[in-house]
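The chains carry the letters A, B, C, D and E, assigned in the order they are written, with residues numbered from 1 in each.
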C-alpha cells in the first residue's frame, strides 16, 4: 500500500498511547501510512458533521460514533474495538486507601477525611457516567455530591485526582497506567460489573480510502487486542 | 478670477462667528491684528484648509480653494499654504532638521538635507539640527516651525504670531530674513501679530479683526493714524479717544472748531462735517505737548488745556504721563514725553500741568457718534475688554 | 538663613549648562532676560522643582528647597511655587474654571468656584469659564494659565513669558492686575520675558542670563543704560556698541577724551580709566542728534560726526536711521528720530547727514577690551547669535 | 438557563476588574514613567498569560496552587479550604490571566499624558495622590476603560483556565462559559445558543455603555 | 518536540499579524477620528471575540464556515477545499479572534496624536498617505506594536477556536498550543513542559525585542 496517500484518522486523545502502537504495528504488517489527529470525541463528531475530511473516527465511547452513523455519514454502524475500565486513583499523601470495593471511600466521607473527589462530568463524559454508576452501586452517590469536582473529560478528572488538591478520583484505568500518573499515586482497577460497559466504537466515514478500511479491519485483530490490553482496555466481546 | 494673490471672504455664525474680507497681493505682507480671541487663528485655519467656514470664498492666484456656494473645498495638503502654528505643532518624533525636511517633499531626496540646514541657519539654529523638539527651548521650537513653513515654498505664507517667543535681537534677524524671502518668493504673506510695532515695521498693509469681523484695512500708517471707528482706534492702541461736537468751520483760518466740554479746539479744516454733529476724535500721545515751566515755547497758543498728573510711568528713555483734564470726567489724557523733559519739568503725580493739543494732529473719525454727551470720553476700555472675550461665545 | 525672599544658586554642566545666581526679595519683581535658549525656562524649572540641577542651593523665606551638597531636594508640590508654563500646560480635561479651581486646594470647597471666577475676571476671561482649553484661543489659554498660577497663593511666582500671546491692551490690564497683586501678596515674582519694555515697566530688578550664566543684575534702568560688558549691552538691545581708546582726561573741562578712529569724542569725566586703554563704549540711539539742514541748533558743537544714511525704517511716529560713519568700517551708527524731523530734513537712503553724539550719553564700559583696532565696531551681532544657540549644546 | 452560573460569571468579572483596577494602574504607571533595568523583560512577562494556551496555564496554576504545593498549603492553613476548586482560586487565576489585557492599554494611556501637564499639576500644589486622582486618571481614562472592558469581557468568556483550576462545582466554580461548553459538548445547541446570546447581550451592553461614556469623556478634550 | 506544530503556529502568528496590521490600522484610525452613528456599537462588536468562550466562538465559526453553510460552499467552490480544517480557515478564525487585541491599543494610540500635529503635516504638503506613513504611524507606533505583540502572542497561545475549526490535523491545523494540550491531557508532562518552554522562549524573545525597540522609539519624544 506504499505510495497511497496516508489515511486521515480522528482519534480520541485518551487512546493516544495505544493508537501510536497500533499504527506502527499496522505499518509494519501492511505498510499503510496514517495521519492521526487527536482530540475529544465530541469535537470530532461535530467536525465530521461539518465536513471534516477524516476517513476513520476512533472514538472513546459509543455515543459520538453512533451520531455519525445516524447522520448518514458513516459506511456502516461502526464496530466496538475495545472496552474502557475504571480505576480508583489515590494520590500520594492522601488519607484514602485504594480499595476496589470503595468501602474506605464511604468511611472517609463519614469521618471527614474526604474533602474533594474527582470524576469526569457525568453529564456528557462517558467515563463520568460510568463513575457515577460505580458510585451508585457502592451506595455512595448521594453522600459524595458535595465533595465532587468534575473534570470536563476523564483526562482532566485524572489531573484533578493527581494534583493533590483532591483526595482521590475515579478515572479511566488506561490513564492510571500512564507512567506519569502511576508515579503520583496508587490505583486499583474497579470491577467491571460495577457499571455499564464502556464500549469504544470506531466508524468509517464516507471518505474512507483503502488504507483506512484496512486499519479499521486491523483494529479487531488479535495483535491489536493485545496492544490494547496492555494499555488497560478490555476486550469488546460481549459488548455488542 | 485669474487674479494674482490671495482673496478671502469668510462667513460663519457658529461655532466661531466670522465675517471677514481679506486681500493680499503677491509679495505683499498683510498684518492681521486684533485682540486675543478675535478670530485671527481661525481665519488662518480657514485659509489653510484646516477649518471649513459655513460660507464664503477663498481664491489663491486664480485657483478656487474654497467656495461655500460652489461646494469647492480643497483639502489642506492641496492648498500649498505654509503655516506657522501658534502652538508650533512640531513633529515630536523628528529632529529639527527632520521637521524641516518633512516639508521639503518637492525637492529630490539628496538635496533636502542641505536645504533644511540652510533654512535652519536662516532662523539662527545652526548646531541644533539633531535636537528633538522636547530638547529645544520655546523660542528655538518656534523658529523650527518658521523654517518648516518656509520650506514648502508655499503659494501663501500664514504666520500665526511667529516671533512671540523669540528675543528681540533674534527677531530683528528673522525680520530681515523674512523681508529677503518676500522679495525672492513674491507670494502673499499673512502675519498674525499683536505687536503693532512689528506690524508697522513688516507689513505693507494691516487689517483689523474684531469679534471675527474685519473692521478696517489699509497701510499700517493709515490704519494707525486714521482709524475708521472708535473700535478700530482702540485696537491700534490709540489711548486718547474722546467725543465732542463740531461747533463750526472757520474757512478763513481753514480750521474746524471742535467743542470738547468747556474747551473749543481748533482742528484741521473739514467743512464736510455738518456743524452740530457729535463725533469721536483722537490725538496721538506724542502730539500732546507739555508747556515748559521755565519759559513758554512755540506751540503754547495751540489748544491749551490744563490738568493734574494722575499717572507717571517711565519707559526706558521716555515717560508716559496721564493727565486728568479739568472739566473732563473719567478718562485722562495721555502723553508721551522724553524722560529728560519730564525730569526738567519736575513731572510728578498730583502736579498741575499745562499742555497743548497740536491742532494738525487732532483726528476726527468719520461718522456720527450717538448718545455720549460731548464732554465724556468715548466709553472706557476696561469694561469693554471683558465683553471682547465673552463676545464670540454667546 | 531665616532670610525672607528667594535665593537661588545653580551649578550644572549637563545637559544644559547653568551657572546662575539670583535673589528676589518679597514683593519684588525680578525680570529674567536673555536670548532664546539662554536657559531662562530651565532656571524657573529648577526653582519650581521640575528639574534637579547638579549642584547649588535654593532657599525661599528661609526654607531650604534644594541643596546639592546637603542632599535636600523638595518635590515640586511641596515648594509652593506658582508657575506659568511657556507652553501653558493647561489640564485639557478641565474647563477654564476647573483649571483654576484645581490650584485652589487650600480653600474650602464651597469657596473655590467664586474665587476661580474672580481670578478669571482679573485676567479678562469672564464668560469663558465653561470652555475647555481646546475651545480657547492662544491668548485666552495663556491667561487661564496665569490665573491658575495666581490661584495657589504661592510663596513665589514664576512667570515664563506669561503675556507673549496677549494683545497690548489686555496686556496693559494684566500688568495692572499683577502690580496690584504684588502689593497684596508681598512674594518674590520672577518674570521671564524677552520684551525689555515689559521688563522696564514691571520689574524692580532685572537679571541678564546668557548661556545659562547670570551676567548682570540691577534695576532695569541701571542694566539697560550701564551694561557691564559688550555681551550684556547686546542683550539689552544696545545697538550702538563700538570700541575705542582712551586718549586722555581733561580735568579742567571735566571730560575724558575717547579716540574713535579719526574722531576724538568728549565723554563724561572718568579719570580712573588709564589713558591708552582700549574700551568698549555705547550710545543710545535716541542720543544721536541729527543736525537740522535749515539752521544750526544747540548741540551741534558736541562730538560732530558725518556719514551717509544706509537704512531708513519708519516705526509709527518715529524712524530708525542707520548711518555709515565716515572712516568707520562695517557697523553703522543707529539713531531714532521723530518721523516729522526725518521728513523735515529729507532723510533718505544715500543722503549725507551730520549728527552729534551727545557727550553725556556716551557710556564707557568697565574693563579693557582686548584685540580690536580702535576704529572697528565691537564684533557684529549676527554671526554671534548663531553661536548663542549652538553654545549650550556643546 | 443556568442562573447560578451567570451570577458566578458576573461576580468573577466584577471582582477581577475591581482587583485589577489598582494593580493595573500601579503597574502601568511604573512601566510608563519609570526607567529601570529589565523593563522590557517585565513588560514581556506581563504578556506571558497571553502566550500560553489557557489550559496549559491552568494546568501550571493547578500544580502551583494545588494541595501539594507550598502555596496551596499556606492558603489552606490560612483559609481552611483549598485555593483550587474555590472561587478564590478562580479569582487569582483570572487576575493573572487578565494582567496583559488590563495593563497594556493603561500603560499606553499613561505614556500619552504630556509631561508638562503633570508638572503643572505638581506646581498647582496637588499632592501626588491628587495628581493621580484629578489629572492622571481622567486623562488616561479611555485607556483605563479599554483595559477594564477587555478584562471584564475576557473574564466572562474565559474558559480554559477556569476549567483547569475550577472543577466545575455548581455555584462555586461552574461559570457560564463552562456551562455553555457543557451544553455544546452535549449537542444541546439550543440551550448553548440561549446562554451564549445572554452572555453576548450582557457583555455588549456593558461594553457599549463604557465606550459611549468614555468616548464622551474623551471627546471633551479632543 | 513537535516541530511541524511549532512551524505551523509561527506561520499562523506571522500571517495573522500581517493581515491584522492593515486591517487594524484602518479600523483603529476610523474609530479614533471619525464620528459616526453606532460607533459605540462598532467598538463593542469588535470586542465580541473576547466575550465568547473561544470554544463557543469556534463552534459558531465552524457552523458559519462549515461545509453546510453558504459561505463554506462558496469557499469550497472557489478554492477546491473547505475553509474549515485548513490553514486558511485557521487564519480567518485567528484574525477574527484577534480583532480586539489588535484594534483597541491602536485606536488609543491614534487618539493620542495631537490634532495640530496632523494639521501641520497636511500644511507641510504631505499627502494623506505620507501623513500616515511619516507622522501617524511613527507617533502611534508604541500602540501599534502593543496591538501586534498581543496578537502574535495570543495567536501562539490560542487554543479553543483553533481546536474547533482546525480539527488538529498534523502539519495542517495542529498548532503547538494544541500539541501541548494533548501532551498535558496525556500526562506527558515532560513533553508538554519542553514545548511550553520553547513557546514561552519564542514569545518572550519576540515581545522583549518589540518592547525594547518601541521603547527606544517612544523615548525619543518623551
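Just so we're on the same page, a residue touches a chain if its C-beta (ideal position, glycine included) is under 8 Å from a C-beta of that chain, and two chains touch if they have at least 3 such contacts.
The model shown is predicted, which means the values in this text are computed figures rather than measured ones.
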For chain A and chain D, chains touching each: E
Centroid-based (C-alpha) most distant chain relative to chain B: A
Chain of greatest Cα-centre distance to chain C: A
Centre-to-centre distance between chain B and chain A (centres being mean Cα positions), rounded to whole Å: 91
Chain centre separation (chain C, chain D; CA means) in Å: 57
Between chain B and chain C, centroid-to-centroid distance (C-alpha), Å: 23
Interface hub residues of chain A, defined as touching at least two other chains: 46, 156, 159
Numbers and ranges of chain E residues touching at least 2 other chains: 59, 184, 222
Where chain C touches two or more other chains, by residue: 87
Touching pairs among all chains present in the structure: A-D, A-E, B-C, B-E, C-D, D-E
Residues on chain C engaged by chain D in the complex (per definition of touch): 48-50, 75-77, 80-83, 85, 87, 89-93, 102-103, 105-106, 132-134, 148-149, 151-152, 154
Chain B residues within the chain C interface of the complex: 15, 34-41, 86-87, 121, 124-128, 131, 135-140, 143, 160-161, 164-170, 173, 194-197, 200-201, 221, 224, 234-235, 237, 284, 286, 313-317, 338, 381-382, 385-390, 393-394
Residue ranges of chain D in contact with chain C within the complex: 114, 116-117, 119-128, 130-131, 134-135, 138-139, 217, 220-222
Parts of chain E lying in touch with chain D, wherever the complex brings them together: 39-41, 43-45, 47-48, 50-56, 59-60, 100, 104-105, 108-109, 111-112, 115, 142-143, 146, 149-150, 153-154, 156-160, 177-178, 180-181, 184, 192, 196, 199-200, 203-204, 207-209, 211-212, 215, 218, 222
Touch list for chain D against partner chain A, complex: 59, 62-63, 65-69, 72, 82, 84-85, 163-164, 167-169, 178, 181-182, 185-187
